[in-house]
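Please go over the structures that come below.
Below, chain A partners chain B and then partners chain C, in two separate complexes.
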Partner chain A sequence: MTDSPNGAASAPDAGAAAATAAGTVAARDLGEPLLEVRDLRVHFPQRKGVIFQSEVGTIRAVDGVDLTVHKGETLGLVGESGCGKSTTARAIIGLTRAPIARVTGSVKFDGQEILGVGGNELRDARRSLQMIFQDPFASLDPRMTVGAIVSEPLRNFGIARGRESEGRVGELLETVGLSREHALRYPHEFSGGQRQRIGVARALAPEPRMILADEPVSALDVSIQAQIVNLLEDLRTRFGLTTLFIAHDLAIVRHISDRVAVMYLGTVVEIADKVAIYEEPLHPYTRALLSAIPIPDPAVEAKRRRILLTGDVPSPDREYPGCRFADRCPLRRKLSRTDQARCDEEPPKLHDARTGHAVACHFPDESV
Partner chain B sequence: MTFVERRTSSGRLERSTDILLDVRDLHCHFKTDDGIVKAVDGVTFQVLRGESLGIVGESGSGKTVTNMAMMGLVPTPPGKVWGEAIFDGQDLLRLGDGIRKIRGRRVATIFQDPMTSLNPFLRIERQMTEGLQLHLGLSRGDARKRAVEWLEKVGIPNPGKRIFQYPHEFSGGMRQRVMIAMALSTEPELLIADEPTTALDVTIQAQILELIGDLQRELGTAVIMITHDLGVVAGMCERVVVMYAGRIVEEATAPDLFGDPAHPYTLGLLTSVPRLDETVDARLIPIEGQPPNLAHLPEGCAFAPRCASSFDRCSDEPRLEDWAPGRRRACWLAGKPEAPRPVGTASERLRGPDETDATKPAEASP
Partner chain C sequence: MSEPVVDSARAGEAAEPRPSSPWSLALRRFARHRAAMLAAVSLVAIGLACVGVGLVVGEEESLELNYAEKLEPPSLGHPFGTDELGRDQLVRCLYGGRVSLAVGAQAMLIALTLGTLLGAIAGLRGGLADAAIMRLVDLFLAVPVFFVLLLLASYYGSDLTTVTAVIGLTAWMEVCRLVRAEILTLREKEFIEAARALGVGPIRLLARHILPNAAGPIVVAATLGVARAIIVESALSYLGFGVQPPASSWGSMLRNAQSQMMTYTWLAIFPGLLIFVTVLAFNFVGDGLRDALDPRVQRR
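Moving on to the complex of A and B:
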């Protein structure tokens, strides 16, 4: 999707095709930022003991994340399990907070700081920022009817009551492809895909400006995933929603996003327009990640070259003096001694290596 | 004489009778309060020596139960298993306890979740040597030596030391390597890998698949790869069977299946997933509806209620029949299924027909 809902002048598919063909991405007018995350850190202290608790360590789940999501765009956030993508989303919306975690940094929504705020400010922020969760079985209260689930935000934010609320719930259910009659039923009567639709209806209820979708399709069967992806695309166009779409499935992220950010071990290592990320990845981790994804076509598979990473993702329980990816990096091995030392000692900053294409690597122009 | 047709690397079809496993009309039904669940309902396929066969399907399609039923791992009752699974001349379903001589020795299985397949209370050493002592009659010392060799072969650093650790001291990818070492250390003729990488991250998945492929080539082991991921099958398997609601709906060589799917369900699966290498933002074409309830299957073809090409004949059950050389499918269609056309991009569809040229296909170049 290249057409932004506010940019009526864009010629959607033609533009995307032309950009791909040329192999370069014209700097797209990204529009105004809606969500700005600066140096977000979420640290979980590891405590020991029951009464005399002592801190024995820190899990640095998110360790300095910078992200900007512009009005009307869908930013895909990808990475492997444990890289901190879900924690980032939960910290943005204020679900992960003290005293369980130490959250520092800045999260601005439409210019307003929302990190660490409480009371009315938090309510306002939550009304305009809604979340869709991964597990459609765990995220719906089994004792509530679908109507009660979807109308809860209406009640909580004082949007609608009684008859009016009922009518609104009916509309919402129809919007997500269910019917009005479903309001009287309970979650267990629905399949996984339908439950995820209920979760989407609940998220849409307070008329949010932005949706944080945390792995919204990964718990669903392959044949159902496309239904939910299409629904999210439709809603986004219809309501001009801004979306942060978190997933580990890079093919789905490519399909749904305008721009993509790649996370590794608590930091963003690369962020760019999706065509640039997929056709011209600069970070060695992004290159390895993309090459590892199987493509359902034996002819293509036979010709592909995989960049196999050695080892596992290291634990986020320590500080890294240099690049966090250094010990698994296929590029580092090919560098000179002095360059290797730089990888080990100096943390690479996320910087624009190309126009609109930021990467956290000292040597983005070397081939892997 | 039963034979299997498969494609050589040059693309030529050849017939082979070197069949290692011949599964015929395998059934596995479960009695539940909700009625009889037909988890596997008449499955027939063959595995050749040294080949890799993919079994693809969504959750509940019966791919895992097929494996468990063959290997005598389905508890009866509530399960009921019948049919034939002839492994090298012996019917696995009629061996009784004798199957233990084959299971783990000549046929080994790797399961999806390496944490639940390993005993958390035993060191890796004990878990690996147990099978080697039992099946190969090795002494504990020889078994340990062989186990260490295998851990090294699957890429576990410092195997001499790590063999004395417990499963929780290994990461997910490393545990799956231990499982592979354990499965292959008795040098089985058939390896059944049941979603071996589903619980792992993609970069680790690539490592594990590469490892399985390398070992298969080196040892000549036949592999059954059970997965829901079409991408994994495309890279790993020579032949593929596609399962839906407990039955096989299509069987073909991998290039045929992906290049020219013959069953509407296979086609639906291929068009509903976005591809990493897609460059056109075509709208995904989902398979409408839900997978069926196995206790209350529809009359006739189980896929018919979700099928874009269904017609009156689909109320009879189609049999899996030869359709083209080397290919079988269970479908009443006379020809190939027609690809459902994308309904345009999300924005076009919502803008309505008056503003969109609906007759223009989405992939037309500007």
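Moving on to the complex of A and C:
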């Protein structure tokens, strides 16, 4: 419910939804929102020229994202490569900035606006909002010891220094399944999985309330992936962390998330409880995405009906008057002329089609 | 959900007895580069001799005239022979080496500081600052440095400070471009983003994360820069604009030897050899450092 972009406009819907809420299974108490993203846009202007620069276009990497992550929950964010998942996370934590990017919209953390703030406010926000990066080989400074890497946040946020910091680093390393002695080593002496553990220890160091995990396992071997995912789940229960978990692996997202948001070309097209997304996907894109998961049972697998998408992911360098998915949509083809025109001309808003199940499609109830 | 962590045991096994920092690994790679090691040893030897000569023969003493022993060929008493005023050539070469090495090192330091500073500003700020600095680099590269040096020397006299400063001020462009390029590459790296996400401020980001990772190419450029500065200083002194008598530098000794080097060859050979060996050694060391510090070129 909280994911409708404009609460005022959807007030009648909300009333209706509340009436049916008692009888709906999906209507569970989501708790207080911790992170609220509203109409987040990250545009990268394409410039030409050396001194006299002119803008020749804009890449709309993120183009109107709405998300809410509630206290204590894990929200999975899925979508194809290049759909803006990572950019969304980077924008939330303030890593995409002018003049390279134009960031607009609103990101509220625990009620405080953190988008576009600087100085102490940004520092405070970053202390409670930490990120785990995708590539464990690129995200650790090769010239620093593991101890220095993990203690850096302690130092920056003025949490601990010297002996005290050393002790904390040891504890953190043990928390993530490494040993104290590892503090003296350099990143190149570790395997991918171990490096990602170091990354996790660093993210935990300032005792954040929320973790943004940007595809934390996609660079790892499958066997190591499971270990890291288990570690993250373990830590989440231990420290009561709220997590935004970005991935393109639907199976992992299903395993770790409470709710799931699906992104397509810079926007969230569907967001709902995990069970609702996987059992009853409403957006044609989500349906196509889920139909691509192979089923490890030959009998069932043979009967699995796949929804094949035609065409490539369109380029994010232009504006779309209607639905961004329209030219690839398997559902649109089955619609009447007037309905098709609606897809092409009117951008679908993310709205609650069921209780707690928001979708950005004009016809969420049509079957594909 | 709360399964014991599986690869912690393996992590323990992977333990090596000694921690190997990237710097110590680079040092080990450097040690395996024979030519570079030999060059480094020669440089240290030359440097120590130039500094140590002061303990044996004082500066005043080195300038004392002794017509009884003028223009003697190399012998046990005077391994490099004596000049037309009877001064020991070895001692003069070593005192001259002080000047040459000092000018080289100081000029390089100036160039390094200026180049790193401007390169960092260009790389980190981008935009107009970047464009302005890079055009300034182009401008300086288009200036024929040597003629500027000659011009300045003839206007402002040729004290050593001026010469050093001018050499340094006209040699920073390469370092500047290098630093800028390294920063542009590093800026996009995830560990820099990670550091920013952890609240690292811009100055610490530069000092602790960016520069150490960009140090390899900068060190190489600096080493080669010393060699170039020594050559420029020698050339200036040779033309009579550098060090003025009675002080010596390798270049001024060559100038001195010019008129009589067909007869008294040792006057030209020894300072010339020192310039040659030193510059060559700096180049070899630079080469060795490049191999040792650049992880992309894993030849050995």
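By definition in this document, the second predicted complex is superposed on the first by the 338 of 368 C-alpha atoms of A that agree within 3 Å, B and C clash if a C-alpha of one lies under 4 Å from a C-alpha of the other, contacts with A are read in each partner's own complex, and residues count from 1 in each chain.
We adopt the following convention: a residue touches a chain if its C-beta (ideal position, glycine included) is under 8 Å from a C-beta of that chain, and two chains touch if they have at least 3 such contacts.
What you see is a predicted model, and the numbers here were worked out from it, not measured in a lab.
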{"item": "First (chain B), second (chain C), both or neither touched by A:230", "value": "both"}
{"item": "Touching partner for A:202 - first (chain B), second (chain C), both, neither", "value": "second"}
{"item": "Which of chain B and chain C A:193 touches, first, second, both or neither", "value": "both"}
{"item": "Which of chain B and chain C A:341 touches, first, second, both or neither", "value": "neither"}
{"item": "Partner chain in contact with A:56 - chain B first, chain C second, else both or neither", "value": "neither"}
{"item": "Touched partner set for A:296, first chain B, second chain C, both or neither", "value": "first"}
{"item": "Contacts of A:313 with chain B and chain C, given as first, second, both or neither", "value": "first"}
{"item": "Shared contact residues on chain A - chain B and chain C", "value": "191, 193-194, 224, 227, 230, 233-234, 237"}
{"item": "Chain C residues touching chain A - in the complex, by the definition given at the top", "value": "1-3, 5-8, 10-12, 14-16, 19-23, 126-127, 131, 135, 189-191, 193-201, 208-209, 212-213"}
{"item": "Residue numbers on chain B that touch chain A, as the complex places them", "value": "58-59, 171-174, 201-207, 209-210, 228-235, 254-255, 258-259, 268-270, 272-281, 283-288, 290-291, 306, 345-350, 362, 365-366"}
{"item": "Chain C partner contacts - residues on chain A that touch it in the complex", "value": "50-51, 90, 93-95, 99, 122-123, 126-127, 130-131, 133-135, 138-145, 152-153, 156-157, 176-179, 181-182, 184-186, 188-191, 193-194, 199, 202, 206, 224, 227, 230-231, 233-234, 237"}
{"item": "Residue ranges of chain A touching chain B (in the complex, touch as defined)", "value": "1-3, 11-14, 16-18, 20, 80-81, 191, 193-194, 221-227, 229-230, 233-234, 236-238, 248, 250-252, 254-255, 278, 288-301, 306, 308-309, 312-313"}
